[in-house]
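Shared chain: chain A. Partners: chain B in the first complex, chain C in the second.
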Partner chain A sequence: MFLINCPFCGERDQSEFSSGGEAHVVRPKQPTELSDDEWAEYLFMRKNIKGIQFERWNHVHGCRKWFNVVRDTSNDKILSVYKMGEKPPVNYK
Partner chain B sequence: MSNYRIHKTEYIDETKRVSFKYDGKTYFGYEGDTLASALLANGIHLVGRSFKYHRPRGIVSCGAEEPNAICQIGSKKDLTEPNVRATELELYEGLEASSQNCWPNVKFDIGGINNFISPLIPAGFYYKTFMWPKSFWKKVYEPLIRLSAGLGKSPTEPDPDIYDHKHVHYDVLIIGGGVSGIIAAKMSAKNNLKTLLVDDKKILGGSTIYQNNESIKIDDKLSSQWLKNEIQEIKKLSNLTIKTRTSIAAYHGYNFLLAKENLTDHLPEEKKKNNIRQRLWKIRAKKVVIATGSIERPLVFNNNDRPGILLSNSIKKYLDYYGVTCGENIILFTNNDSAYETSISLHKKGIKNIIIDLRKSTSSELIKQAESLGIKIYFNHVVTNTFGYRKINSLEIMELSEDGNTTVGNKIKLSCDCLGMSGGWTPMVHMHTQSGGKLDFRDDDQVFLPKENSEDQISVGSCNGDFDLENIIDKTVNKINKFLDIDNQDYQDTNILCSKEKDKRNIWLLPNKIPLGKTKCFIDFQNDSTAKDIKLALKEGFRSIEHVKRYTTTGMATDQGKLSNMHALGIIADTASVKMGTLGTTTFRPPFTPLTFGTLVGRNVGKFFEVVRKTSMHEWHVENNAEFENVGQWKRPWYYPKNAENMHDAVQRESKAARDSAGILDASTLGKIDIQGSDASEFLNRVYTNAWSKLAIGKCRYGIMLNEDGMVYDDGVTTRISENHYLMTTTTGGAANVLSKLEDYLQTEWPELDVYLTSVTDHYSTASICGPNSKKILNKLFPTLDLSDENFPHMSFKEVKLENINCRIMRISFTGEQSYEINIESKYGHALWKMCIEAGKEFNLTPYGTETMHLLRAEKGFIIVGQDTDGTMTPSDLQMDWIVSKKKFDFIGKRSLYRSDTVREDRKQLVGLLTDDPKEILEEGAQIVSDIKSKPIDMLGHVTSSYFSPNLNKSIALAVVRSGKTMKGQKLIIPMENKNINVTVSDTIFFDKENKRLNA
Partner chain C sequence: MKNKYSVFSLIKNALSQHENWQQAWGNPEPKKEYDAIIVGGGGHGLATAYYLAKKHNLKNIAVLEKGWIGGGNTGRNTTIIRSNYLWDASAGLYDHALKLWENLSQELNYNVMFSQRGVMNLAHNLQDVRDLKRRTHANRLNGIDAVWLNTEEVKKFCPIINTSPSIRYPVLGGTLQRRAGTARHDAVAWGYARGASEMGVDIIQNCEVKGIKRNGDRVEGLETTKGFIKTNKIGVVAAGHSSVVANMAGLKLPLESKPLQALVSEPVKPIIDTVVMSNAVHAYVSQSDKGELVIGAGTDSYVSYTQRGSHNIVEETLKAILELYPIFSRMKMLRQWGGIVDICPDASPIISKTNIKGLYFNCGWGTGGFKATPGSGDLFAHTIANDEPHKLNAAFNLNRFISGDLVDEHGAAAVAH
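Let's look at the complex of A and B:
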């Protein structure tokens, strides 16, 4: 059971949050110009990394804000938390 | 001897006699006893039968590791509890317990016959035998297994006890109140850290608290006396919380732990009543100190499972703590020094005993002490067999060969009435591994130890492989200082005297002249797996410990292999000639000891099991005999039976009334989202498939929302209330998800849009009146409102006052009739509803529920998202191409609508079905085929909605069928269990195709 540091509310129990999968998958600006393969890449393909992963989380039973999390999926340690629109920390690539 | 309680101890209160029943017979014990110690005091060892061979079994241990003394508590249908360990159950007045897994009784057990046919029941027996014939499963094998596999009986009525949950936060949690746990607690709390110490026993102190050997001393005091002083001291520390009778069940990530506290299990019946029975502690700790100790290992030799054979240290605890001797003529069989402590204790209390030691010789102080007391020791000897059916009465020993692989010389037969065994100690690394920690193997004494200690978790004491007192105290103090980053000097000058040798001679499977195939060397007592079974599994090709475990069922009983797992591993390593450390262990899963469901569930039972949402009209529905349907968390009226009508009759009546005159529906549960902001229109353009910019103020529009994959996600009507203000409705079940999805897009993809979303589902109540007389009823309620089709046409909205309360009325229709949805603040919902009913009386205004709503909309071919769709339907599949804007640049899911798969012509598509026999009603979910002769039958689709329409006087259905759009007029077949139903594909709209009734 994680403790997640919501950038708006502070540390809260995992049960207040829901996970939204991989972060920084940007919705194409002009979907109509994409081939089926390119659209499928956006729509279906996710990395699911063992190790350091950038994820989206929503404080659904709290402030309802979406934000980003850097998590090591091999030990569930959360390394960093940052707001939507902020640049991802560079030291975890 | 009938009373085995031979001396007084401070832990047993002999002034408080406690009567209890075991297997129907009344016995007496004292306050302070466990059920096991009280039984032993009465001379009872035999407490059950083994699982597979039904061999007589006795009490083996004194704690959580007990495999045999498992009992059923109580006999009441609601309160009986199976699988309780007699070694942990504190005795109380009126306790009723019985042995499990034996029928008709523990002394004469029919299943015992399995013992004689045991050569026929090897490892994997259940897998191999009960495979075929298949028809035997239901009638022969399963009842047979169920009858013999009697691991207790579960209660058959709801648990009346109260359980509780508690959330707590601490700086430091210490698991285990033995020497090292107490030291850690004192150091932590004295350094201003908020500390919690938990221990599963009634009192703190672990095994040191009853240690009375003169050769083990701290600061010149008996170690037990020294520890008692320490306990007195920590009880005074204000920031230390001590919880006894509390066991950690699970250690999750981020130092989140679950503990079960027993509050009334030890109290007599009348004191249990109305009190909380058990409390689940949900603990968040910044740091965790694991001090869970170790448990003694049995030894694996022929017939090592007879009643009267116990762990050596348990014999010591029963004697020194409970004042009970396990026999009068005891033999101790050991490979290490700790059995000598038991021997000396027994000797001091006048109990005759001798020692069989696997080691060739040893010279520690303890052994010198035993020798000087005249205790007979057989060095370099091994027990090769035991005798006695219901209790051990004698055994045979032989000398070990030089290498320990065989026996030499002649058998020596020794009589006894109790055998203690000590195979060394196994550190309890469960908590460490549950937290994610890895293990190392120490070859010296063949133990798995915590590999690394992280910055927020540490193991100290014997669970960390430190077995002698000096080591335990020194290392604990050093490690805790470092772990907590403190500098505590309390134990700087502690003087420890302890003279136990670490020397140990480990042989996992002890040698015997008799071939292994003819011996019974038990490893897992509860599941009856033997050394032979492990070897057979290896012979049959199993290598992984996880596979061997499942094939032989070793370690899979309620004790989770606390006594057996190490021996299984050792024998595998020896047989396969690999290093034990390389085998790894099986996974240590929570809970450490079984938990009751009550503890896990806490207060969330009965009406607190799940959130129930009721509309403001709910009481009226109840008073008017509604049957309810659960829709998400909502209770919705399903139908309103009158005069003993069944559901079909009620729905037929309601449906007819709605079309003939007027009907009223509580539509309050529909999701309502208030959308405001200068970009609200643009936002709707992006989330719905159709265009919204041109919707006039005061008008309503139906919309369909897709997922990015192009599949229909939700639908509903949205009203433009003012320039930058919309009210969106969603399906009842989809409301929360739709809001989440819209928020997601707003916050993450389109943060530039000026849009604000607010859920207002609970803020408004909605009464929906439909039917040809609806206008007349509205006129009575709102006499000043111009209801003409010119002023208030279909798909428009008005704000009106009902007396002086604001109402929003939408003229929208889900039934195909003229229909008005009156929205009012929820607190007035009940009053509004009653006024509608009153105004509608002269028009036979009939309340109808969800079933009639579904029927009426099906007559019109309107879909229900989630019933006629299942997440694989596009708007085109639903024959709703008209709702998808061709002009809009983009909306959620647009690109997916022309992927190669979504434009396939042979997708499943929504159609209507008419049965050839108009009285035949199809089953929803029934499969649809065109050719029943081909094999396998080609499945074309399935029925999604089906009703008997009273307005058309025939059966109608909606279905999804492959290439359905092109099949109009085609005959299809619905094969059912006992007949084939012939149907014809039709339009999806069955009633009033021209929509004449909307503006009649």
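Let's look at the complex of A and C:
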């Protein structure tokens, strides 16, 4: 359990949010041309990182907006929050 | 077996004040090379090593465990064993395990306290009723015992359940698998460790895998905190940390690791002599032989490796428990903990070869792996020894995420994912 600093509403309890999983998984531009392997990669395969992970969250019991979070999954510390469409911070690779 | 446990060994040791019991498994330093190495010394990993040695005649085997054996999810689960899954592939897998459970204490000469006290799954809405009735029929077609109980029969089987129609999610019936039940989870790890060690398997604790050495498309060995160990067969059974180990070999798996919580109450007199699970409101409860209520909560919605879990998840489960069992309203909870579970998109496990020769994965058991421990070990050992899956785990390959031939068991997995 932790607090998330929603870029629109400010700091709220994590239970107000819904996790959208790994961020920056790009939706295929031409789905009809994808092979089964590429579909599997897009739909199912995840980095599932222990450490610093870029992920999406939705403030589902608040403003209902989506945004991105950089979080260390080994201790649940949130390192950065940035809006959809913004470039991910480069100092957490 | 050198030190066979029996009533006679008990009497003999009682006469010497129990000071002369021999250690149940060895504590060796790793050799330079093994025929096969199992990564992960939980129940599944130790069972894999046991069956590799017993049925496949491989003797030069090591099990590497980064902590102590059975200290991960094997020692953290709620010990429930059942096989009432929907699809044929799952029924085959889980009932194979259940059949092995029925004779496991004798097989291992170690009391795993397997208790077939029955598992009841409750229905709280019309869709639950339809799904559970369908699952009952599917189970019976697969030779798995299952019966549908109406509300009165549920009440008769477990009288402390509140079956009043006025509660928020009333009990509309349930299914019962009488062969299902519980076992003592630590004893399962210890029994397999003892059996494997007896056959010459090296169980190496406090040894963490740091890297997988590859030569082209095949494995050559493992970098560990106790140095490099050569092998050409690696079976990874690392539960919540499967993706971490897979990343070392440059593989991505269809898994997300999340905290799953459980809790136990103070011990009380026998009050519930079965296991009751309720998916819709997310409450499941049984009573340990010590008298504690053993309660399973849900998973957090986000990836985390913290082995903690959020307070609101526990709160929701306890709310549901109180509505279903008002008799527990003044119970105090003693302990709460979390384990990291590796969840597959179809809520079914992976027991599979990979596209790297000599690298095998047994993972994705998510929230319900304990019940499958003996079967999982047996089938994974077969897969490693023959480089081919057994027919019972053929459907649980990694390739299903590419072919689309998923085994969707979200309905039968007790914890909603």
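What we mean here is this: the second predicted complex is superposed on the first by the 93 of 93 C-alpha atoms of A that agree within 3 Å, B and C clash if a C-alpha of one lies under 4 Å from a C-alpha of the other, contacts with A are read in each partner's own complex, and residues count from 1 in each chain.
The rule we apply is simple: contacts are C-beta pairs under 8 Å (C-beta built on N, C-alpha and C of every residue); 3 or more make two chains touch, one makes a residue touch a chain.
Since the model is a prediction, treat every value here as computed from it, not as a measurement.
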| item | value |
| --- | --- |
| Contacts of A:53 with chain B and chain C, given as first, second, both or neither | second |
| Touching partner for A:64 - first (chain B), second (chain C), both, neither | first |
| First, second, both or neither for A:3, with chain B first and chain C second | first |
| Touching partner for A:84 - first (chain B), second (chain C), both, neither | first |
| Touching both chain C and chain B, counted on chain A across the two superposed complexes | 1, 36, 39-40, 43, 75-76 |
| Touch list for chain A against partner chain C, complex | 1, 13-15, 18-19, 21-22, 36-37, 39-41, 43-50, 53, 55, 73-76 |
| Residues of chain B defined as touching chain A within the complex | 252-254, 256, 284, 436, 708-709, 740, 743-744, 747-749, 751, 889-890, 894-896, 899-900 |
| Parts of chain A lying in touch with chain B, wherever the complex brings them together | 1-3, 20, 26-28, 30-32, 34, 36, 39-40, 43, 56, 58, 60, 64-66, 75-76, 84-85 |
| Chain A-touching residues of chain C, taken from the complex the two chains share | 241, 243-244, 247, 252-257, 301-306, 308, 310-312, 342, 345, 401-404 |
